[in-house]
Amino acid sequence: MDPNCWILPLITFVPLVGALIVMFIPKSNYSAIKATSIGISLIPLALSVWVWFAYDRSGPQFPHGIQFGVDAPWIPSLGVSFAMGADGLSVPLIFLTALLTTLSLVYSLVINERPKEYFWMFLLLETGMMGVFVSLDFVLFFVFWEVSLVPMYFLIGIWGGPKREYAAIKFFLYTMVGSMAMLLAILAMYFNGGRTFNMIELAKAGLFVGPEYATVGALVFWGLFLGFAIKVPMFPFHTWLPDAHVEAPTAGSVILAGVLLKMGTYGFMRVLMPMLPEQFERYWWIIAVLSVVAIIYGAFVAMAQWDFKKLIAYSSVNHMGYVTLGCAVAGSGAMASQSSKILALNGAQMQVFSHGLLTGALFLLVGVIYERAHTRMLTDFGGLGARIPVYAGMLSFCSLGSLGLPGMTGFIAELSVLTGTYNASPLLTGLALIGVVVTAAFMLWTIQRVLLGPLNPRWEKMPDADTREVSSVAPLMALTLLFGVMPMLILTIFNGASQAIVGLMH
Amino acid sequence: MSHSAYGIPITWFLTLGAMLFCIGLFGMMVRRSAIGMLLSVELMLNAANINFIAFGSYLKLPTIAGQIFAIFVITLAAAEAAVGLAIVINIYRLEQHVDVDKMTAMKL
Amino acid sequence: MIEHAWLIPLLPVIAFGLVLLFGRKAPGNGAYVAIAAICASLAMSLAVAFQWFLGGASAAHNGLYSVTIQWMPVGSQMIDMGFSIDALSVVMLLVVTIVASLVQIYSIGYMHGDPRYPRYFAYHSLFAAAMLTLVIANNVVLMFMSWELVGLTSYLLIGFWFERPSAMRAAKKAFLVTRVGDVGFLAGIILIYLKTGSLNLFGDAGVFENLTRLDVIGPWGLPLTAIAGLLLFCGAVGKSAQFPLHVWLPDAMEGPTPVSALIHAATMVAAGVYLVARMYPVYLADSSGMALQVVAYVGAFTALFAATIGIAQNDIKRVLAYSTVSQLGYMIMSLGVFGYVAGMFHLFTHAFFKANLFLGSGSVIHGTGTQDIREMGGLKKKMPWTYWTFLISTLSLCGIPFVTAGGWSKEEILAVAWHTNRVVFVVGVLGAFTTAFYMFRLVYKTFYGEPRKHDIHAHESPRVMLVPLVILAFLAIFAGYVGTPWANVFERNLVPVLGHHYEQVLENKLAGMHHGFNLTVFLFATGSALLGIFMATIIWLKPVLRIEKLEPSFGWLAKLVENKYYIDEIYQATIIRGLMAAAWLAFAFDKWVIDYAIVNGVGYLTRLASDLWGWFDRTFVDGLVNIIGWITKTTGSALRYLQTGVAQHYIFLLVSALVVISLAVIAGHIREEAWIPIAGFYR
Amino acid sequence: MHIGDIKLIFPAIYMSAAAIVVLILGVIAARRPGKGLDHWLPSHYLAPVLVFSGLFFSAAALIQSFAGMGLSIEVPIGSEMTRAPAVALFVTSGGHAQLTVDPFAAIFTFIAFAGTLIVMLISLDHFGERQPHKAEYYSILMFATAAVSFAASATDLIAIYLSIEFLSLTSYVLAAFAKTDRRSGEAGLKYFLYGAACSAIGLYGMSILFGVTGGSTALTAVARGLEDARATGAAWVGVVFTLVGFGFKLALVPFHFWAPDTYEGAPTPVAAFLSVVSKAAGLAVMTRFLTIVAAPDEPVSLSWYWILVVLTAVSMFYGNLVAIPQRNIKRMLAYSSIAQVGYLMIGVLTAMHSFGGPGRLLSGFFGVPSAAVRSDVANLDLVTWDMQGVLIYTLAYLFMNLGAFAVVSVVGKKNPLNPPLANAEAYKGSEIENYSGLMRRSPFYATSLTVFLISLAGVPPTAGFVGKLFIFGGAIRMGTSYPELIVLAIIGVINSVISAYYYLNVVRLMFFAPAEGKSEISASIPANTAIAICLVTTLALIVVVKPVASLMSSAIYSVVPGVIR
């Protein structure tokens, strides 16, 4: 292994140190708390940008090697090591996590109810999330996976909406069931893969190959799948998402949609595909069918919503459907040609990044309007386009982006995934295309409900978006446009990772 | 059964022990007063003593380990009785009765 | 200048950004910046055209100049993207820049005093940029991206006055209907990419070179080229408002009139025709010829169908909208019957006179303040300039030969139709007759006779609106000379665009067609037009034939036509209500079946189980249940209930558990009569 | 009878001596209140200091036992010389040691001492100054700790019975200690009656074992006796009855009936002591008994091994499900500790398989394990995962449970002695509603209780998770050859989710519910130090796992006496 590079542990644990610092600030001093928290969250952001540029696009990818690697002994008797590293798959996610956390903190400047605990929890959450994307040892991965669960529970539970407690406990138990199934699967992999938790060795070890391991392999595969599918969320396990989103505070649901959902898909691409290629190829069509159902089902249900936030939550189900579809196609064995599998996986990763940016922005915008109107029911709005032009511009930009208008990342992702899927099964592509139209329908219907039409007299004096709100949404919009017009910048990173993963899937 | 050295086979002692044990156990279940239950415990302990001594002496090469164990058991039975009575008296001082059936302040 | 062709779309984009951000403060609050940009693009386009056609550049680059940059990596290969210049794109560049600049100049007058004035010009520049990118794109995905952006700008401009609910709905309808078409276009792109392995049109690895790989029999017995062709045609149907996706264009008239002139007459709707023309090799490579058949018949049907509806419309802009749909039908029809050059030539001329008609109607509306032609009349004297330019364009639209440009292009189409497909020819002639009939009905109703509503004091529009009208009228006449049967400059330059192989295919499809003046076609075309005009005059100018007398027999037909064959109502009933019902059903399923029944159900059951025990133990504590009844009931049910608080019960349960365990343990050994050895063991 | 090296058992002796000293000081002070010894050397502050120094003695014993582990020395018994394990004490004829202070026993002694230290810190705060009979309380507590260390090292039926009884008697008294409180009296009585019955049954079982296996009370001899007496039904009944005695101490399901009432009634520090330290003793004895004597025969008929598997599963489900509707937090913690025993038993069963498993039964010289075992001995590090699960989870359980009880005692502390039974309703100290809005009133206690509860639920990065990782890991490792262990692991996972529900219910109340009108909670320094110690260990275990894991794995080794390295 090349010499330990301590950048990733730094990115992961700076927020934790920050959280401790915030704990010592007196509770009454709101401004100090907010300033230090945002200041601290800037450090990982800066480091992640440095990692983005220092990352060697053609360098070693996950199963064959790792970049920015660090490996220290932790529990040698069990084969547990403090191993971290990043490759094409995780570098953008690290940047996304850092960016969304900073923007959420900027947006949360308005929180004045128990701000100390709020910011403290947020920084702890950032450590948890960052840890998941960088850790290369299953025990470390599992610890960070659960660490990110607890602060989110409190964020929803304390600062949430009316039904927050129900939503919080539902969110916690749902994810815990998944992670417990994952724990057993990890342990089984540990014993089958030569008594080590290190992901690289496990990926190389060729787990559960051969007929005698058929049942055990299937059990392990579906255990891991359950853990990740609940987090994505995939079709049958998605019912916690609307409740959690609707009840979470604005910044909370931005992080929930922007990053926490990505842990599920990251799991698919980092664990399921490279480590269990044989099982994945046997069950890929189940995942594909579930994802297409999610795309169509999510779109239709979103159309029937009157609560703005719930609508966006269901649209996330629709968007994440594309990601899992991309993964399924990438693992479809002989069904698709190599280049279309790589294209599908590129599309999936692009959709992950684009969904993070766009849905994060949308949730911020919903928060902006909720603070002014204290209602999220679409029936109460109307004709705001004239009254608050800046907000209207931002909302229409993001909505059009999320319905896949070309010139933005959404379109590139959907195009790649659909092209890849076409090769595997034209029927699924056809169905997914229906989803595209219905998504366009409900997004436009929302814009019409909120911005167009005659101005609802209640909002005569509604002030336009102020600098805090604009500064938290503008970077996201800029990035969507930048990567939409010039996908070269980010796709070269994804491309390396996809080639490595698809290469493993023979 | 074969004629053993002591005239009577070991099974007689074992059955005596078993009967004493069952009486003690039944006593624990049925008695209302705590004192009654203490008595039953003593019965059970003595049943075990009988077993020990019987086994100790009836082995092909008899050992005194059985009797040693019995002596320990007796001393401990005494200690137990002392502690038990102390607790029962304390209860009586508080509630003027030692009827176990009525003591259901803490349940489910 | 050709190397800098990529500047042409870039200037309007810069203008869009500037006007959007500093609209209010810019000179002429945004208008002059936008117009300056579009005029610069116009100048550059003219320069490119001059250099291409006359400067010998086309020969230098043997018909195609294409430049690409790296865009997206896929595995080892790299997808790249760029722009290309050939005769077809130069023609379109000219059309778009000319009409766009004239319309923007016209808009200064028309939109004067609108509260969101700068934003109107920003959207205009964005539209121009998107359209120009579409025209010079050489990569199918770049075409699709600009295609969607064009759709977006039409959505923004139609819904410009979004306070009006009707405008808002029209905008959403336009976007969604075109989006349905775009999905087909996207599917076509995917199919082409997968089969030919590349997204670039030109170059030896490009799409056009290895179309043969597409020509393999796919599903439903059709070759994949036919399917790809049909899918691309879906996009064209959506964007160029062909039947059945034409419903959005008439409603799009909600937008400002200059917008209708530019977007819904000249340029955007023509994008569909341009797409089919640009991808013509795909249609030619189709061995079964199915795709072109469908294109032809859809075009023909739309032409006639829209023309008939045009007759019964009373809103001046809706009449022109249906006439556009019908004329687009003509272009698509001509492409369908291998009239590749004729179609493009008609597009070229149509852009000018239709834009002129719309701007004319704009100035009429601007003058009279109403759009309903039944309230107009006698404007001839009050608005002479508008009247004359309107009349010239109407003649051009009806296809009067020799004088007007429209005449040449329509005659060209009918000539090709005469040669290849007689059914289409007959439909074309009928279409020409109906077009002349409803156009002159419109002219007589608005300009002749006495003003029906007296409070309208019509006044001529300001000069800034009239100048573009005059220029367009001039073009409506002289644009035709480019493609007269004798000196067909158009054909000489356009056909090589297809590339030598497909040029040959086109040649033998049109073998034996008389390339000069065709008397019979001429007679039919002009005859039908004049007959149309005559019928209109005897009904509306000098009421010889009372229209009311025809009422009883043709009443139902008029009703039917008036309501646009109830197409909108059918859509409303089927698709839209169906979608909403599906949405409600899905949500109900999600809420009740999955969320409530399964998830909460499980949660509820465990809550229920524990609460049940809680309730059960509360009742027991209060009730004096007798011991025997209590023992049998409790051991069966709640575990928690076991914790009765009475010491004896604990010991009882202990003993019963012990007995059960011992029996279970011994069970294994009873059969081995295990007890006997004990006695033997001891003395 | 060869006495053997006394230094090994010194911690227990030291503890009893210290108890006596505290008792005498207490008596003297009680006779002359005010100016006497009570003034300048209050006994109840002396006790924790003595226990603290006891810690060091137990550490020394641990090191010495490590040195002696596996070695055997020639021992003169009566006339001839016999070989006995170096760490053996009171070796009887035939080389059977009554007490074997091997690392396994030394670690449990250390755990017991640490546990008692924390319990004493909690008691200092809970009872405050004016507790009558202070000295007696602390000395009995110290006697109980001595009993635990004896029990941990007992490898002879008599020694086991004596130490278990000694521990039980002391804890009966402790349970009933709040003399004026009716609930404590009742708790003590129920505990006593149930305990007496169970120990009597256990004794009867031992008598049968003694008889059937040829008249020797040493575990190793009993194991060999069982080898040929296996056929007789009596042998199995004997084993089952003996297990009742240990099961009572562990509060395994059918023998748990005393636990809820006793925990609720007894003063909170005593409940803490019962739930952790006395359970540790039970666990030590159970593990030693099972690994040495046990031999679930092959093919596995309905032998008592399967009974244990069923009991483990049932106690996990019973503990967790019945804890959900509880309204009193002490009662809830009682049921939760029953469930925790379930997890511990998975570890014990795994440990049993890896050493006491079939075919590996001790044969030959005083139970020197067969060749297979010796091979495992060689590479200590390889044989991980199977054995140390029990010890690591015990350590984690010790600190998180004691932490939870510490916070409960601080929050529920109405007045030094629980109010008399009459106004039981008034005494809402340990009702769960009492915890609503605790976060606003006292954030330190709320956050620490949250950490403990989350750790009990097994959520990383707490000690609970580390414990569960080892337990489930061991189960899955052995599970490949004994599938029932995988089933237990799955049941364990399901139960941690169920347990998360009622643990989080308390957390929910503390954080989300409004704290109308409840007073600020304050506690003295000892309680805060106790909570701090537990908090640090619960959070830090995941970092310090490396040394702890290797220490535990070598300790478990020594369970089998006479293992020659």
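When the chains are written out, they are named A, B, C and D in that same order, and each has its own residue count from 1.
As a convention for this text, a contact is a pair of C-beta atoms (placed from the backbone, for glycine too) under 8 Å apart; a residue touches a chain by one contact, two chains touch by 3 or more.
These numbers were taken from a predicted model, which means no experiment stands behind them.
Enquirer: Across the interfaces A-C and A-D, which one involves more C-beta pairs in contact?
Expert: A-C
Enquirer: Average the C-alpha coordinates of each chain, average all protein C-alpha coordinates together, and give the chain whose average is closest to the overall one.
Expert: Going by the distance between chain centres and the overall C-alpha centre, it is A.
Enquirer: With chain centres defined as mean CA positions, report which chain is farthest from chain A.
Expert: Comparing chain centres, B lies farthest from chain A.
Enquirer: Could you give the separation in Å between the centres of chain A and chain C, each centre being the mean of its C-alpha atoms?
Expert: About 33 Å, centre to centre.
Enquirer: Roughly how far is chain A from chain D, centre to centre by C-alpha average, rounded to an integer in Å?
Expert: 44
Enquirer: Between chain C and chain D, what is the separation of their C-alpha centroids in Å?
Expert: So the centre of chain C lies 76 Å away from the centre of chain D.
Enquirer: Can you give the whole-Å distance between the Cα centres of chain B and chain D?
Expert: Taking the average C-alpha coordinate of chain B and of chain D, the gap between them is 26 Å.
Enquirer: Taking each residue of chain B in turn, which ones touch at least two of the other chains?
Expert: As it turns out, chain B has residues touching two or more other chains at 25, 28, 37, 59, 100, 103, 105-107.
Enquirer: Give me the residue numbers in chain D that touch at least two other chains, ranges are fine.
Expert: 189-190, 193, 197, 201, 260-261, 501
Enquirer: Go through the chains and record each pair that touches.
Expert: Result of the pairwise touch check is A-C, A-D, B-C, B-D, C-D.
Enquirer: Considering the complex alone, what residue numbers of chain C touch chain D?
Expert: Residue positions touching the partner: 606, 609-611, 613-614, 639-640, 642-643, 645, 647, 649-651, 653-654, 657-658, 661-662, 664-670, 672, 674-675, 677-678.
Enquirer: State the interface residues of chain C toward chain B in the complex, per the touch definition above.
Expert: 617, 621, 640-641, 643-648, 651-652, 655, 678-680, 682-683
Enquirer: Could you pull out which chain C residues touch chain A in their complex?
Expert: 70-77, 141, 144-149, 152, 159, 162-163, 165, 168-169, 171-172, 175-176, 179-180, 183, 186-187, 190-191, 193-194, 579-580, 582-587, 590, 594-595, 599, 603
Enquirer: For chain B, which residues are in contact with chain C within the complex?
Expert: Touch residues, chain B against chain C: 1-2, 4-6, 9-11, 25, 28-31, 37, 58-60, 100-101, 103-108.
Enquirer: Where on chain D is chain A touching in the complex?
Expert: Per the touch definition, chain D meets chain A at residues 381, 384-385, 454, 459-461, 465, 469, 472-473, 476-477, 480, 489-490, 493-494, 496-497, 500-501, 504, 508, 511-512, 542, 545-546, 549-550, 553.
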